[in-house]
Structure formats: structure tokens, C-alpha cells
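You will see two complexes here that share chain A, one where it goes with chain B and one where it goes with chain C.
Let's turn to the complex of A and B:
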């Protein structure tokens, strides 16, 4: 699993690309890294999942925690470029009703700036 | 526990002049808070001090002393604390004693007359080793604690699984859970309802360890409670979701597929809380993935409604409920088992009864993953409407 900050916009939205697998064994690290990133970002957090191959329920839990912590700060968490197989996971688990899912980074950034 | 400096060093020598000399030559290290020194005049006194003070990290000892010599002391130290490291001080060229000391567990040696710069280097190297040793011990202890916790969680998980399934002239039911090596959070349950109706649950808690196992147990109890006298699966999930949400501080959640079957009508009603929908397998092996009812995993948000869906089962029809441990089981190339392989396996052999169908699923997964260790629990429940009897 890799977490890379790929862009920080002028209005303080951070775009983070997540690659590889986030499963039970990598979820704690995922949480630490994203927690640090989220603390630094201000208005919003866009997670680009294009190269994410697998996400476990432990990782979904991390995303839920981030959604809540962002909301407390008046920001928001969105995900974008979700591969088909992961889209299915988000749909089945109902997480797509909690976390906004966008097709592209541009759409996600636009949603965060609203 | 990894101890921080200053390290406490016991110096054992029958030469009274050594004490002021040591304190004088090591004064910078003492002032910087790196070392503190305590002294003993022979092996017996040294052992007394070691017994009285449990914070001594290291011993620097002479060999020739009255009452108890340094080589005898070396043999006694591990009995007090096996994690103390010793440096022996010997006459230059006294290889025989140095060899004996090393064989008896001394970490290093310095020669007389003492070169204090050399002693400092030797002490530092010994302390470095000691720190690494203690860190290794600490991580081993953590690992043992973790394993203990996981084994408790695993026992809790096993303890809530039913070992008997209701027997009926109208249906067969069978379920199995193969735990991953590191405990996951799957469980299944079966509950007998009024009028010979039967409720069944397959669920997956989002975490592992004891907190997840407790969450699992309360989920199972709440479902049982809600199922009896409920208005159907959608109601059950709504009620359980609200109760789980109430005191869920941890963002833990559980995906649940809960279903009820009525043998009088043949109606099978199910609702999903973030869980994969059931698979319906016909007697000829053809199968349909039943529609998702769209509910969110339980424990996340309050006051959610859960839709339910129903199908009428024909005699011989089989319902397969499973967790993502089945659909996402991986082979060594990280390819996932997937729903299609599940359907193919059941098409080739729908199983002579519910238990046989269950075996077909587990065999297919096991053949697919090969030697690749399971990263998640694998759970499958099979339900079959039998001939009209």
C-alpha cells in the first residue's frame, strides 16, 4: 500500500492517491498516514483510488473515521476514480451513501470547493 | 520495558582507589546523565546489591577478589537477572581467565591498567547491545500479548456459532466458518421463529480482536432478540442498527444478511445491511444473484430504513449466503475467487443436500486459493427447500 499526496489546491483541498491493497494488516498504517495527511489538509480531502486494488472492511472503517473528522472541521472527504470492483464494494456495503464518490479528480475537487 | 539513561553500572573491585578514580574519569558521562555508578568490593557484596537494587543494568567486575571472585560472580548474575550484561577486567595477557569469563557469559572485557577511554567505548557498546536486547524482548512480549488477545477473540467467535441446525421436513440448513489465521469477524446464526419459520444470519464485523468479538456477540444477540416477534428482515435490521449505533464510539460496523423463510408459503424474505445479496441456485445448477436491497452496514448511522426483498422457493431450490471471505478469497497471484467461480462450481455440482452444497463452496474456494493463506474468514450458509413433505 502506498499513500501519496499528489496535489494541494490553492483553496486547501488535498488530493491523495492510494495504491495497492489496504487490508487488515495494512489498515493501521493506512489510518496513521491518512490521519497525518488529513490533519495537515484544511478544507477537504480527495482520495484518488484509481490504483487501489483491494479494500477491506477495516479500511472502510478508516474512511468512515476520516469522513467524520473532516465533517467536524467543516471539510469533506470524497473519493474519485474508483475501479469497478471497488465501486461494487462501496455499493454493497452502502458506503457510497456515506462517502461521496466522483468519477474524476476534477469533479471531486469541484464538489469540495462548493 | 526499554529503560532510558542514565544506565546504572555496578563496579566490583577490591581496590578502594578505583571508586574515586572511576567517578573522576567518568565525570562527564555522569554529568550528562549517561551513567550512574554504584560500587562493591567483592562478589558477595555485588550479589547483595544486585538483589537489593533491581535497576542495575550492567556489571564491570575485577577477577581476583576476596570472598567471591569475579568468575564465580559471573555465574551467579544470571540467576538474579538474566538481562544484566557484564564486562570483566583482567590483567593484560591473562588469556586463560578472559576465556573462562567469556565462556561464563561476560559480554566483553578490558585489561588492566584500565584505559578509561577504552572502558567507555566498551561500556557504550555493551549498553547498545542491552538496549537492542530489551527492545527485542519488549516486542516479543507485545507479540505474545497480541496472540493471547487474538486467541481469546477467536474462542469468543467460535463460541457463538451454532453447532446444531434445526431439522425439518420442509428444508435443510447448513453453515460453516473457516477462520483466517489472524482472526476476522465473521459469524452466522440460525433462529427458530413462530409457525415453523426460520431466521438465518450471515455477518462480517469490520475489525478483529476482542472489541470486534464483543461487537459480534452483541450483534448476534440483538438480531436474535429482534427476530423473535419482528415484522420481517427489514425491521430486524432497522432495530439492530439503531441499537448498535447507540453506543458505538469506535466506528466499528457489521455487514449483515438476515433472511426468514416461511415453510407454509415457500417465501424467502431477506434484507441486507451492507452485505452481499443471496445467491439462488436451482436444482439444475443454474443460479441467480438476488437483487441487492441497498441497506448500509449496521452501526454507522442512526434511523436508517432497510428495504427487504422476497422470492418464492421451489422444492430443490438452494439459497447461498456468504461473506466476502468467499468472493474475495485470493490465490497466490492475488486474483479473487469472485462470484462467477462460485456459480460455476455450483452449476457443476449443486450438491445432494444443503451440507453437500456447502462443501462444494468450500472445496471450490480451497482449490482456488491453493497454499495462499486466507486473509479473511470464510463463511457460507446454505439453505435448501426440500420436496413437498
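Let's turn to the complex of A and C:
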């Protein structure tokens, strides 16, 4: 699993690309890295999932925690470019109703800037 | 198509990699769709983690997975000698429509198993949990 900050916009929205697998064994590192990144961002966090191949419920737990902590400080968490194989997991878990899902980075950034 | 294969892992978290690898190799050999590989990986990881973390009061035990496939479906039988646990009735159902503030962190694993598999049957036999999972090949 790799987490890379790929863009920070002028108004403080951070775009982070996540690659590989987030499962029971990589979720603790995922949580640590994203927590650090989220603390540095101000207004919002866009997670680009285009090259994410796998998520388990351990990953969903991290995303839920992050969504809550972003909301507490007035920020927003969105995801974009979700691969078809992962969409089903977000849907059945109801996460697509908690975390805004966008087709592209541009759309997600526009939503965070509103 | 039409393969039968059994994999046995020990109740240690570092065995999960072996499980994932086996699922990916089987998927390639038996021509599963990427979505099916993803589903099976997730479901078996959730179930194995449950058994590893909660199934026993200590000691190393075996969990076995027997995969058998036909043209239409993949069937997996998971067997362990842990405490009786029927994922169909023994796990709370999370409210997936609850607003974010009310969603507890956790409790999703077994729920995902129930949602992602097409058929699930459980029986307790001679001190072992037998869980049979069926996933159809067609979406």
C-alpha cells in the first residue's frame, strides 16, 4: 500500500492518491499516514482511489474515523475515481451515503471548494 | 473450471497473506472475474480475522477453506474448531443508513460477508463451525 500526496490546492484542499491494498495488515499504517496527512490539511481531503485494488472492513473503519475527525474540524472527506470492484463494497456498507463519491479529482475538488 | 482445492491456515494474523495469495492464484487459474476475486478476498479475510481474534481462548488452531467451482458458482467451505459462531444469527446488524455521527466504528465485517455472498449456510458439527459460502460467477 502506498499513500502519496499528489496536490495541495491554494485553498487548502489536499489530494491524496492511495495505491495497492488496504487490508487488516496494512490498515494500521494507512490510519497513521492518513491521520498525519489530515492533520496537515485544512479545508478538505480528497482521496483518489483509482489505483486502490482492495479494501476490507479494516479500511472502512479508518475512513469512517477520518470522516468524523474531518467533520469535527469543519473539513470534508471525499473520494474519487473509485474502481468498479470497490464500488460494491462502498454501496453495501452504506459508505457511499456517508462519504461523497465523485467520478474525478476535478469534481471532488469542486465539491470541497463550495 | 471445475476445480477443488483445500487450503489450511493457522490462527495467526500473519497467515492472512497466504490466504490472499491462494485466492488470487485460484482466481487466475479458474478464471474468476476481478470482482469475484475481490469479493472472495474480502469475505475470507473478514471471517478469518474473526476466528483468529475471537474464536479461541489461546493456542494455535487450524482453519481450512475448501474451494470448489462449477461453471456457474464458486463454493467455499470454511471449517474451524473455534467457539460456535453463526455469522447469520450471532452478529449484530449495523444500521447502514444511519448518519455518520451515529455510525459506530467497526461491526461491519460480518455484515459485508452476508451482503457480498449469494448464499450462506452454517452448521455446527462435532465441535466445529462449518460455514458454506456460495458466490455466483455472474454479477
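Some points to look at:
Please note the rule applied: the second predicted complex is superposed on the first by the 114 of 114 C-alpha atoms of A that agree within 3 Å, B and C clash if a C-alpha of one lies under 4 Å from a C-alpha of the other, contacts with A are read in each partner's own complex, and residues count from 1 in each chain.
Just so it is clear, contacts are C-beta pairs under 8 Å (C-beta built on N, C-alpha and C of every residue); 3 or more make two chains touch, one makes a residue touch a chain.
Not measured: the values here are computed from a predicted model.
With the two structures aligned on chain A, chain B clashes with chain C. Using the contact criterion defined above for the overlaid structures, shared-chain residue A:54 touches chain B and also reaches chain C.
Of the two partner chains, neither chain B nor chain C is touched by A:110.
In the superposition on chain A, contact of A:65 is made with both chain B and chain C. Of the two partner chains, neither chain B nor chain C is touched by A:40.
Using the contact criterion defined above for the overlaid structures, shared-chain residue A:23 touches chain B and also reaches chain C. Of the two partner chains, chain B and chain C are each touched by A:97.
The contact surfaces that chain B and chain C form on chain A in the two complexes overlap at residues 23-25, 53-54, 56-58, 60-61, 64-65, 68, 85, 89, 92-94, 97-98. Within the complex formed with chain A, the chain C residues making contact are 13-14, 16-17, 20, 34-35, 38-39, 41-42, 45-46, 49, 96-101, 103, 105-106, 108-109, 111-112, 115-116.
The part of chain A that touches chain B in the complex is made up of residues 21, 23-25, 53-54, 56-58, 60-61, 64-65, 68, 85, 89, 91-95, 97-98. Listing the residues of chain A that touch chain C in their complex gives 23-25, 53-58, 60-61, 64-65, 67-68, 71, 84-86, 88-89, 92-94, 97-98.
On the side of chain B, the complex with chain A involves touching residues 182, 184-185, 204-208, 251-253, 255, 272-277, 292, 294-297, 300-301, 324, 328, 334, 336, 375-376.
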